[in-house]
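Just so it is clear, A, B, C, D, E and F label the chains in written order, and each chain counts residues from 1 on its own.
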């Protein structure tokens, strides 16, 4: 049984880590799919796909998780949502179970024979990527809410300054 | 004289039906163009293009409207608006008159020799697709504001639950 | 039971007409899907989607076919073929059977619960759109291989000269 | 040394003119890059790329600026921001210095060896394209904040009425 | 009267120069539109849009042509050809006459009120960009068929080696 | 030092395996990037991105290669080649060396500080994906030229029949 965990991971935090841990405990192996790979250097998407893959990889290595039991892969977003289940089936190796507490995702996958598993409770207030990005900009203590390897990686790419610069600008380069 | 009626029809309601009826009374035949065909399962666009075409077709059949006098066709949206008149000319069979109360549409088509006809007054508060979608989510009485065939079709695809799920989710899968 | 007949219809010829006739004899109603709607004024795609819809509509009217039993709709091509079955399901009203002699199409739809029906034999040498376009450019007798309404329509838009101009040019405006 | 001045120029106003003047005083020649060329007839982008190029050209001619010392060129927006520096390098002739007070732009170009020059102070309240568009719609005195040639050009294309029509419509044709 | 000269200019050669000269002699001013701007480092499109603009600019400067009488601008290709005339109208400042010996271009613009002017005869065998690219790869004497400034520019970007590398590779990075 | 090995891997064969082995011997860890992820069910691209990732994963597992020393990731193709180096930098975790015998790839990456390493000689006649696809269609002995795990995977998805069907069809669904 292969499980699928999806997210934008902007950044990858301890709530995501808990979900990965749960999925690995319940499945033979898992796919961690980084979504919205085409976006970066934006308010909601400051990190590139490559950076997100690297920070996840580093965090899992640091935790001593067996690299033979997961794959980290990317997914672009689709504007034609009805084709999204077919798109992820083509973009990813076979999987049988998806971890998602989002009824929207469950609805989309309902007719595709994918089992939808409920994530364990985490503190969603505390582990919230949007809040973390705001803390990065404001100099808050985001580091204690992410795996140490993620904190180090974000620092190595100047992530705090990047997020601060993006949030402080009224430029949306994807539009205007 | 062929008329053109356009809309997203999310869903097709009695206000749309009145416009179709007016256009058919004033033209030899009409094109009903479903716009934003590339969007679906979104807050403002819960139904697929195929579903919207089907609900319109069913509503017109139910009303006994002669199927030889209309065509239902789809149109994608264009981000380069200045090319939109050329796009619809290429995507649709020839037409001479467009029914639109929107001065924006009239402006875009001004230099293309298309006659712009004013729709008859309808109760825009009452027949408003955005309000209807909200009523679908909240269990309101949207059924009395759409043709019976549309109500049946929306039920057959689980439309209320779909809209409720979409509106209840903070996921915008086209973006994040 | 609703059937689906698909094609680029560049132009719609008597072989296509035979397929439509067969499908209408075997189904309650049919969808005629015009593919490659985004292409036009090209060597293999001289006519716009709107023109192709109009020529088919005219041909079916001329044949006295009940307009309540078919819909003519457009489909864009998808480069990600694995998502194509999902795309056509979202773009078109529900259908149960597809008429296609192409094993490729059958393969793509195999896992989607769509019945694939075999078209009756037609003379594929004679009814071949590529050959017809060549005849249009060269002044050959393409008219006898298309419904009279199609011949009239192609003439009304200057189709012979258009095809001759396109085939005589080495410009591929979609590329260079 | 060639400088680069970028903007959407919706419309080109006296603040932009001051920046162009500064850049021309400090460089051998400059590129004026009109961004978001794919957008037009929208709330934030009422004018087409061609119109914006024309209004800038007219304004610079009117000021007697040597046409041998500038080029006006267009740039589409990129949703993958990380590729934007590479995109503008491929789309534009070589340049060495960019005039931008936006730390976001400076951040993106940091690793590309482009010098980022600080624009001189202008009254950003007064010279603000968003405010000017609002004034166009409301009949305010936007003319005194743009070069006379821009005022004449905007009038020649019916710009006030266009902006008023767009702002008065709730249609976003790029989306719904 | 403003004229329009279009081409991919891969590279800009003396045949193109003759056309520009003719158009400038017959018009008040001209637009030189570089097409296929989105393609580069390809067999038929080795030079970027920015490089092509620069080489044309240099060639015209070298010839002492008044920079106040021309603009060099870029155009992306459109796959939906029927929208191409609308696209170029939106992308470029107003123009009244197009120089093109291609009946295909004349056909597309026929209904848009653009005058189509016939280019003077040039030796098309000799001034042929495809032949020049082949000569660049093979070490032939392409320099005498382009303006000296173009020869210098191509050398400055290592154009011969670039073309040789592209033509010697079986990689088409846009596809495989 | 992290190395990068790229390819379409349609399918992944023993020549690819040799390259992966070489790169892993010379680097600390490697990225295996599957290109052209957006294409599938086509003559040159029969397998989806997900299938290609799975077959590579299976082959490496079978060989006992340490899963902690490689990542398999996907890359879409870019038509604007000049932005390709920036695209892969954003899509992939950091890497320092690329294994490629293709001078074209070396040229593109020259100015990006990426070391280009020469692959060891392999029998390119024998290990050629195009030849292997032809053998799949014709019932040739392609199995001995791929890792056993790839042969098993291709069989499990009906790969021979798929390739035969695609090659036997004159349909190019991405175009017509």
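By our rule, contacts are C-beta pairs under 8 Å (C-beta built on N, C-alpha and C of every residue); 3 or more make two chains touch, one makes a residue touch a chain.
As the structure is a computational prediction, the values presented were derived from the model and not from experiment.
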Shared chain contacts [chain C and chain D, defined touch]: A, B, E, F
Set of chains whose contacts include both chain C and chain B: A, E
Length of the line joining the C-alpha centres of chain A and chain B, rounded to whole Å: 36
Inter-chain centre distance, chain B versus chain E - centres from mean C-alpha coordinates, in Å: 44
CA centroid of chain A to CA centroid of chain F, Å: 26
Junction residues of chain B - those touching two or more other chains: 39-40, 48, 80, 82, 89-90
Topology of the chain contact graph, where touching chains are joined (line, ring, star, complete, other): other
Complete list of chain pairs which touch one another: A-B, A-C, A-D, A-F, B-C, B-D, B-E, C-E, C-F, D-E, D-F, E-F
Residues on chain C engaged by chain A in the complex (per definition of touch): 80, 82-83, 85-87, 89-90
Sites on chain C touched by chain B in the complex: 37, 40, 48-51, 53-54, 57, 61, 66-68, 71-74, 76, 89-94
Chain C residues within the chain F interface of the complex: 8, 35-36, 39, 44-45, 77-82, 84, 102-105, 107-108
In the complex, chain C residues that touch chain E: 38-42, 48, 161-162, 165-166, 168-169, 171, 173-176
